[in-house]
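Worksheet for the structure shown next.
Chain naming follows the written order as A, B, C, D, E and F, and within any one chain the residues start at number 1.
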Amino acid sequence: MIYFAGGWFTEKQNKLYDKITRILKEEFSELEFFIPRDLGINLMEKSPEERKLMMKKTFALDTGMLLVTAKTDGFILAIIDDYDVGMVWECGFAFGISLGKLPIVTYTDMDYGLNVMLRESAIAHIRGADELRNFLQRYVFHGANTQALLEIAKDYQNFSEKVF
Amino acid sequence: MIYFAGGWFTEKQNKLYDKITRILKEEFSELEFFIPRDLGINLMEKSPEERKLMMKKTFALDTGMLLVTAKTDGFILAIIDDYDVGMVWECGFAFGISLGKLPIVTYTDMDYGLNVMLRESAIAHIRGADELRNFLQRYVFHGANTQALLEIAKDYQNFSEKVF
Amino acid sequence: MIYFAGGWFTEKQNKLYDKITRILKEEFSELEFFIPRDLGINLMEKSPEERKLMMKKTFALDTGMLLVTAKTDGFILAIIDDYDVGMVWECGFAFGISLGKLPIVTYTDMDYGLNVMLRESAIAHIRGADELRNFLQRYVFHGANTQALLEIAKDYQNFSEKVF
Amino acid sequence: MIYFAGGWFTEKQNKLYDKITRILKEEFSELEFFIPRDLGINLMEKSPEERKLMMKKTFALDTGMLLVTAKTDGFILAIIDDYDVGMVWECGFAFGISLGKLPIVTYTDMDYGLNVMLRESAIAHIRGADELRNFLQRYVFHGANTQALLEIAKDYQNFSEKVF
Amino acid sequence: MIYFAGGWFTEKQNKLYDKITRILKEEFSELEFFIPRDLGINLMEKSPEERKLMMKKTFALDTGMLLVTAKTDGFILAIIDDYDVGMVWECGFAFGISLGKLPIVTYTDMDYGLNVMLRESAIAHIRGADELRNFLQRYVFHGANTQALLEIAKDYQNFSEKVF
Amino acid sequence: MIYFAGGWFTEKQNKLYDKITRILKEEFSELEFFIPRDLGINLMEKSPEERKLMMKKTFALDTGMLLVTAKTDGFILAIIDDYDVGMVWECGFAFGISLGKLPIVTYTDMDYGLNVMLRESAIAHIRGADELRNFLQRYVFHGANTQALLEIAKDYQNFSEKVF
């Protein structure tokens, strides 16, 4: 399972979210994705009481799905543009709970630099939709397993020079 | 040990960083703090080769210090204003590696709302310098241990209504 | 949070489930419970395709809630009568992921004996509804925290002689 | 090492235990197995005092062997018929301590359905002695390592429709 | 449970082992100890084949007992004189698997200095049999739980100046 | 990354340290090593106050580097001659935190026997500089990844008969 991490709280974020998830679903339907936005939860529309419960469930479901991802030869595909807080937290959590064994692949459309923690915990960095297609095609072609992922990742090390 | 997490990449961040670390060092010198900025590392001033090594060392030192923090009855004090990427990553990492046993206390000067992952992984939320002083005084008074921290935390649940 | 583990797949199981959860909700409303049956999921009523997704979500939500339980000074209350498979798995998982730090309290109405793995991973054993009330009253009275739980547990060591 | 999990507390269980362990030892002697029944421990024959110590040792030995299994490219082979409590606990523990990285392969002679937690934590499901032989032959042929196991497992996904 | 770590491979080691375990068993019989030498295993007396199996079992039992120790409010009491290799490994393992939550108390009769890794992972340092008696008496008096241990440990910080 | 573990506290240790690290750096420059001695820290030369902080930093950096090693397809190369305390602790820590998934390769120049814990946690044993060259050449040739390491390790099982 591929855990898709990214924000959908601004129009710009939503547009990028649309673009990438469409590629995933339409062009790579043989892979399995967890796409949090598809759950359709909008916390701010709830009453305070409902919200409290919903937050706990969302937290449990997302962390639990990261456990599932760790099990099934999966990885995190993280859109770093605008640094969605949930995305960053999930990358830190994934690294911590798996001691770096749950691979993180970062994506940028806009040459975003990476914070040093995010940089060191990622195994590959992808720039733009075409590179993403290329990356996933090779991943599928080589069996869609962790060994293949680690091998392919060596060719996508074009991390930004901007670090902080 | 108290691990201080927050950014120092803008003037505004630096001012808040100054304010809080001064309180910690001057008013609570009986406590032990890890304050990453004190290491004085500026990655962008290094050559690419040095930077690469320095990034690895920084990552190792920071994650290692979080292990030390987990051991010594410690906690994370995280400034959430402006959502520094490193701070968010460290909170996720700390929750993951300790399964929630390394307590996270969030701080805001400006009523920042919390992302649901950050919200659910924090045990207390502090608003402003005076509340921080009050919180730490009680922590010291009750023995500066985990049991005391968890007890005191119940009185600092004034999380923002803004969640996302 | 108290994670309630037990089966609801037979009439007998459902009756016991009703009895205990009523006590929890009505007499201990100041405590927070996670009661899986309340989610109302019946896997066998789904189409195969929906079922597959629903199973993954259920697994993620339940394991994620165990992480939440580990964080919030919580414990597992496990009904062992009839040895529900999910309950046993959850106890094993909780012990493994927390290395025994997430406390497990077992409950029986019928002097069920305990398998050695379940026995050694539990910190207390409760027999019947009255003993449960008594146990939880003391837990609430002493602050509803882990330290209190471990202390009280010493008085509920009346494990069955039947082990296997 | 392959950790064999299953019960030997009824005649029926013992017969199945005999059948499978004979296949393992006689036909796959190049593999290494941990077969708990071979330790010859019968807790009910001990005095209460001896039993208490023996339970602790049994627990330590079994959980420790699961650590050894996690290290040595191993997996759990779990007989699910009759849902032995120890077997279920060990599967939960293994998943929890390894975050799903210690593979679990389930076996049934009688089309037993799987509880959702057991189902989601297993990577393959084997039906009957012949399928087991076939599975292990391929595992040995491809090098008896984790990568081979995960690859072969894709062909043994014939899980029961009965889930609960 | 208190896990006693130390070597018994030389006459000098055996004498110290005798002295300390006699104190533990005779003067603190209300506490529970795991004392590896009591298992009576001498690997060099076995045939190579038996030895191989026995090594695996010893490893499993010892690491499993450390899991039991982590669960039951326990700690490691480690004799550092002569730096037994098994003792050092067990301290490292305990710190790693519990992220520092399984307390380590070091003991010396001869002002042995501590390696930095051992030093930083220990919470207290005891010098001589009388100090050990004093330490354990206070531990028992205050309830023999983790909270008490951490509190008492603050008074036994007389680590050697010799570090390496 | 390959984490090099061994002592440099005696002349003899330093000579062996020199010999091996020269091979690593000069003959395998395409691999990445972490060589603690290169940090140039000498704790005994510091003032007590500086030493205290330096010890904490050293501990954090070393444990953090082991996390980095766990992530990057790495392993520990441990010189066992003279049983440096830090080396043994690091092997135990690495096994514990990764549950045996961070591979340990032991090295001896002098047919040192292995303690049972060290023995069971190691995946390969190398005798002398030539065997080390041979081992690393094969590792590089097969892609320098974990799968290759585990495969090659099967040919380096020449552990000493001396166990304790």
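Convention: contacts are C-beta pairs under 8 Å (C-beta built on N, C-alpha and C of every residue); 3 or more make two chains touch, one makes a residue touch a chain.
These numbers come from a predicted model, not from an experiment.
J.: What are the chains that subunit A and subunit F both touch?
T.: Common neighbours, subunit A/subunit F: B, D.
J.: Pick the pair from C-E, D-E or A-C whose contact list overlaps the A-F contact list by over half.
T.: Matching pair: C-E.
J.: Would the interface of subunit D with subunit F count as same or different, where same needs over half of all numbers used to appear in both copies?
T.: At the contact between subunit D and subunit F, which are copies of one sequence, the residues are largely different (under half shared).
J.: For the pairs D-E and E-F, output the one whose chains share more C-beta pairs in contact.
T.: Spelling it out, more C-beta pairs touch across E-F than across the other pair.
J.: Approximately how many whole Å separate the CA-defined centres of subunit A and subunit B?
T.: 25
J.: Averaging only over C-alpha atoms, locate the centres of subunit B and subunit E and give their separation in whole Å.
T.: From the centre of subunit B to the centre of subunit E is 34 Å.
J.: Residues of subunit D that touch two or more other chains: which are they?
T.: Subunit D, residues with two or more chain partners: 56, 59, 62, 67-68, 95, 97-99, 101, 120-121, 147.
J.: Just say which it is for the chain contacts: an open line, a closed ring, a star, complete, or other.
T.: Shape of the chain contacts: other, as it matches none of the listed patterns.
J.: Between which chains does touch occur?
T.: Chain pairs that touch: A-B, A-C, A-D, A-F, B-C, B-E, B-F, C-D, C-E, D-E, D-F, E-F.
J.: Would you pull the subunit B residues touching subunit C in the complex into a rising list?
T.: Listed in rising order, the residues are 95, 99-101, 120-121, 147, 150-151.
J.: In the complex formed with subunit B, which residues of subunit A make contact?
T.: 9, 43-44, 48, 51, 55-56, 58-59, 62, 83-86, 88-99, 115-121, 161-164
J.: Which bits of subunit F are touching subunit B when the two form their complex?
T.: 1, 56-57, 59-65, 67-68
J.: Give every residue of subunit F touching subunit A within the complex, in rising order.
T.: Against subunit A, subunit F makes touches at 67-68, 70-73, 97-98, 101, 143, 145, 147.
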